[in-house]
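Only one structure is covered here, and it is reproduced in the block below.
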Amino acid sequence: MANPLVALVMGSDSDLPTVREATNVLRTFGVPFEVRVLSAHRSPDELVAFIKKAEQQGVRVFIAAAGGAAHLGGVVAAHTTKPVIGIPIQTSSLNGLDSLLSMVQMPGGVPVATMAIGVGGARNAGLFAIEILALSDTSLAEKLHRQRAEQLEHVKQKDQKVQAEFAKQ
Amino acid sequence: MANPLVALVMGSDSDLPTVREATNVLRTFGVPFEVRVLSAHRSPDELVAFIKKAEQQGVRVFIAAAGGAAHLGGVVAAHTTKPVIGIPIQTSSLNGLDSLLSMVQMPGGVPVATMAIGVGGARNAGLFAIEILALSDTSLAEKLHRQRAEQLEHVKQKDQKVQAEFAKQ
Amino acid sequence: MANPLVALVMGSDSDLPTVREATNVLRTFGVPFEVRVLSAHRSPDELVAFIKKAEQQGVRVFIAAAGGAAHLGGVVAAHTTKPVIGIPIQTSSLNGLDSLLSMVQMPGGVPVATMAIGVGGARNAGLFAIEILALSDTSLAEKLHRQRAEQLEHVKQKDQKVQAEFAKQ
Amino acid sequence: MANPLVALVMGSDSDLPTVREATNVLRTFGVPFEVRVLSAHRSPDELVAFIKKAEQQGVRVFIAAAGGAAHLGGVVAAHTTKPVIGIPIQTSSLNGLDSLLSMVQMPGGVPVATMAIGVGGARNAGLFAIEILALSDTSLAEKLHRQRAEQLEHVKQKDQKVQAEFAKQ
Amino acid sequence: MANPLVALVMGSDSDLPTVREATNVLRTFGVPFEVRVLSAHRSPDELVAFIKKAEQQGVRVFIAAAGGAAHLGGVVAAHTTKPVIGIPIQTSSLNGLDSLLSMVQMPGGVPVATMAIGVGGARNAGLFAIEILALSDTSLAEKLHRQRAEQLEHVKQKDQKVQAEFAKQ
Amino acid sequence: MANPLVALVMGSDSDLPTVREATNVLRTFGVPFEVRVLSAHRSPDELVAFIKKAEQQGVRVFIAAAGGAAHLGGVVAAHTTKPVIGIPIQTSSLNGLDSLLSMVQMPGGVPVATMAIGVGGARNAGLFAIEILALSDTSLAEKLHRQRAEQLEHVKQKDQKVQAEFAKQ
Amino acid sequence: MANPLVALVMGSDSDLPTVREATNVLRTFGVPFEVRVLSAHRSPDELVAFIKKAEQQGVRVFIAAAGGAAHLGGVVAAHTTKPVIGIPIQTSSLNGLDSLLSMVQMPGGVPVATMAIGVGGARNAGLFAIEILALSDTSLAEKLHRQRAEQLEHVKQKDQKVQAEFAKQ
Amino acid sequence: MANPLVALVMGSDSDLPTVREATNVLRTFGVPFEVRVLSAHRSPDELVAFIKKAEQQGVRVFIAAAGGAAHLGGVVAAHTTKPVIGIPIQTSSLNGLDSLLSMVQMPGGVPVATMAIGVGGARNAGLFAIEILALSDTSLAEKLHRQRAEQLEHVKQKDQKVQAEFAKQ
């Protein structure tokens, strides 16, 4: 694989099923990425070391996924001025409202761009990273337009299927 | 002013005091921007026309501020593949929780990068736009490092002031 | 089928099981309707085109079902002055509180009449559309009275069954 | 005044400042209406008597405003098959979330069309009543189009003012 | 059975599994009761007729169970000055928070004594009814003391079992 | 004053303005009561001693007012089988939602009859205590009917005033 | 077993699966502890007697687990000046938000150190008790460092596994 | 001042009015402490350096106060095995619910002992630190008993004042 342009960090490997939605998007678009399990609380030095190294090696966008008291995005953002995108993981007790508020309510000065709770948010994290990269990569920009067109086509097909079902009745 | 690189759209001019936090950041960094009052509900055609025109004229990042059933970010994102940043406006009844959920809970396929509720979020929207632009503008990247350094200096001064206060006691 | 008087729009075909509660009501009352999958975010132009066409072809009431950042009702209402009824879809993360607030908290000027989250709300969306149409259709008004009477009869039967159960004890 | 087409009921005269937003809209559109203070809890018989009488005298739409355990809309809807629109009043303790949930979460069978919490919701309640009446009153329908056009004009003026402000800087 | 002293009303027979927790308590204490399915929205006249008849026939305490926009307790309380106890039913979308707020946030003047959401609340509704009746029935008062003593004994046994489990380790 | 029939306990004297709504009701009805500041956390032994003494001296109903982690009602209920009514005090941070949940969510076995947050709830706590006492005091029962009639009259006057205001326009 | 240094109290034996996370931690660290089922509402005198006895017999830290209106922590804290740690149990209706607010929102003067809802919180309650004990026990302090190191190692292994998975693709 | 035993860290000097409640408690008890403004996001390296240095210089307990996405407590806890106490600062938008959830919902392995939102929580943070230190300092333990006794006396005085007020009436 080429040098990663996107680094995806998750606080626990239990977040991987959600994060995979983001990596699937990046792979579909052919964007090189790396995936790491690094915890703001359990491996904080490794996390900081990684952020610095990743930035030096050309990572342009960070994606951080965490649940509960979800500090990962904020800690990443504290150590880089590259764009940081946050994925709040759905939790069993508070359904991810805790993850969402822990991520999105960042104080002025250090932004974390927060997506929706769970897999939809993870997919959008991947797409948003590509929207950023596409600003200086016309091939990616074209692929984004194609993805939107396919998405539109997909909705249209569903629309026709539903129309057909009700026409029969 | 040069061609705007960032377009800030708000749903109502009552959102301006919050949005100004974002424009102040952009001005400080010397990033050309434009500010518009365009409503997803009350001027929807003008909004769509603007998004398309803005994109053609070189806008690279959109910032959308709205409150309550805050659809503005989602509607902007539906019409562009440029990065869209959302500022949830604080509301009188539900304190902005409605604005936040209306923005951040976007379905997979059309991302809106959501910031904190209110002025802190607006400031971060400006900074995040700059983080994106800085990926292909080393001068902006340097300014970002300087802003972080100044921010650090500011915290250090506050820290010394507080230490001094308690040392005296 | 006759020209549809009610248009039901959903943001995703995954909302169909909920929406069907509304279509069942309309069918029971013999009100012609059409059902479409049109997304405020993924097929926005098709959505706007449909609203305008539907209104021209005689649709008198719109029903919009969406979940999460549920902008569909607001976007429909932005493009028509016909009554728009919203069904907030239950979501996996926030149970539909996000859908509810995204729909009901519309700013002054563009109303969306919001029903309860989920299937109960969908059934009521159908009934509310009929209540509107019944204002100028005495046959529908009579059917509404009959439905209320049947509903009352149904509760009375349940009441007798429960009374009988406890009388035996 | 002509026979009222819309009946506005509030649970307490302390709700009047909010309800006035709805009556202002109705007056602007020239729709005859009546306003009553009738409580689901403190004057329940008077409330039921009024609903029946109002319906007989030609009221076509009910608007109910209440706060806290806001049962008024549900009780009105239980006694009529005319459309009932609910305005959740903002409360001091829970900011109107209690009013909103008490209104919008109606069980299947008896719909209450719920608007936003507070004055924005009250204004929309008035507009939504007019949207219903306009289905069989072309003059009202035209006025609605004009109102939307004026609303659009108003947003455009605000937009120009904001553009002008930032152009100067 | 003797003349009922407690009347339990539920809005839907789907609430019966919860309500049964209350009837079990009443039966254990030998308090005569009746159970009815009466809806504030679907059988409002029957509900009011029942409240008045029940009061005449000697019912001293009402228990009302309802979910969602749970108006039943408030409507019962509007038609009687006997104590009304509310059981908020757990709901699928908002977990019973809607039921709770719809019941407990009654305006000053017409109280509904609200219990916890779901079966624990139903059990306590039964016990609270007995606490009220026991004020003028020493036999019931003694049974209440015995129930508390048995409850204490039950906790002590669980305590010993848990202590034993950990002693072995 | 005669021997108190109702004991009102509050966790802090800062709750007095709310509690006074309940004492005003009791005084109006001529029910003897006592008011104490006793904290489940700061004077727990005094609290328990008081509950036992109060019960021996003829107190028939307890009213407990507390805010935040509002344990007072539960602790009172743990030491008596007399009816305990809870008033959740409005708090500055979470507006009384914490007080409400801490009171109402009592486990099965030890009920606390919870009223609305704040002054409305306090007024209803007083009224509910009287509804209980009125079961064995016909004079109180009559006063309750009179209070309801006056309340009705009060709503009717407000209704006429509002009708008059709108008739003039 | 040696004299217990930590006393774990739970309001119901149904809380045991959660509490076991805490006892497992204490056992791993070799800290003697005792586990009791004592309810603030159903065995209040036994609870108070235990707290006093436990403190006399050398218990240095209390851990209290409870759900719903979770008063246990507050009642324990009212009777001891030893540190009290609270575990909010996840509940079926409100997911533990009720337990959390009932525990954490203690008034000034009587602290309860609250952990996360459910098993994660229980594990941390055990660890936090050890952090306190380790202040005067260097062997425990060393074990804590070792636990952190193992935890770090565990995260690193997960990290390598995830890296390997993505390297293969 | 002697070597600090407690280190209080806040994310912003705007948190000082809340934190002062904690320092007042520590000063009253004669516990040496230091107060720092160190941000998890704006001065992360300084924060980590301070934690390590403080621990070496004998700090035994950390108190962290932060608002919004309140990561400070978690970051401190990630770098020390000393007890960390969290004070969630009240925020303007979500009233501190965001701060609370960001602090209390820590994942298993790295505990943060969370207090109530705002000044009450700050006071308790100070007291809880003293409860910890008192385990190995009998003079502090005695002061704690005295503080509890004074607190009891204070409540008793308020109780007498309130009793006197109502006796007069």
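We just call them A, B, C, D, E, F, G and H in the order they show up, numbering each chain from 1.
The rule is simple: a residue touches a chain if its C-beta (ideal position, glycine included) is under 8 Å from a C-beta of that chain, and two chains touch if they have at least 3 such contacts.
Owing to the predicted nature of the structure, the values given are computational and were not obtained by experimental measurement.
Relative to chain G, the chain whose mean Cα position lies farthest away is D. With E-F and B-D as the two chain pairs, more C-beta contacts join E-F. The pair from G-H, D-E or E-G that reproduces the interface of A-H, where over half of the contact pairs by residue number are the same, turns out to be D-E.
Between the Cα centres of chain D and chain F there is a gap of 34 Å. Measuring from the averaged C-alpha position of chain C to that of chain H gives a distance of 51 Å. Annotation for chain F: residues 12, 39, 42, 68-69, 93-95, 97, 104-107, 109-110, 116-117, 120, 148, 151 touch two or more other chains.
Interface note: chains touch in the pairs A-B, A-C, A-G, A-H, B-C, B-D, B-H, C-D, C-E, D-E, D-F, E-F, E-G, F-G, F-H, G-H.
Those residues of chain D that touch chain F in the complex are listed here as 1, 10, 12-13, 16, 23, 27, 34-39, 42-43, 46, 68-69, 92-95. Chain D meets chain B in the complex at residues 90, 95-97, 116-118, 120, 148, 151-152, 154-156, 158-159, 161-163, 165-167, 169. On the side of chain E, the complex with chain F involves touching residues 21, 60, 81-83, 85, 100, 104-111, 113-117, 119-121, 123-125, 127-128, 131-132, 134-136, 141, 144-145, 148, 151.
By the touch criterion given at the top, residues 11-12, 39-42, 44, 48, 67-71, 74-75, 77-79, 91, 93-94, 97-98, 101-107, 109-110, 112 of chain D touch chain E in their complex.
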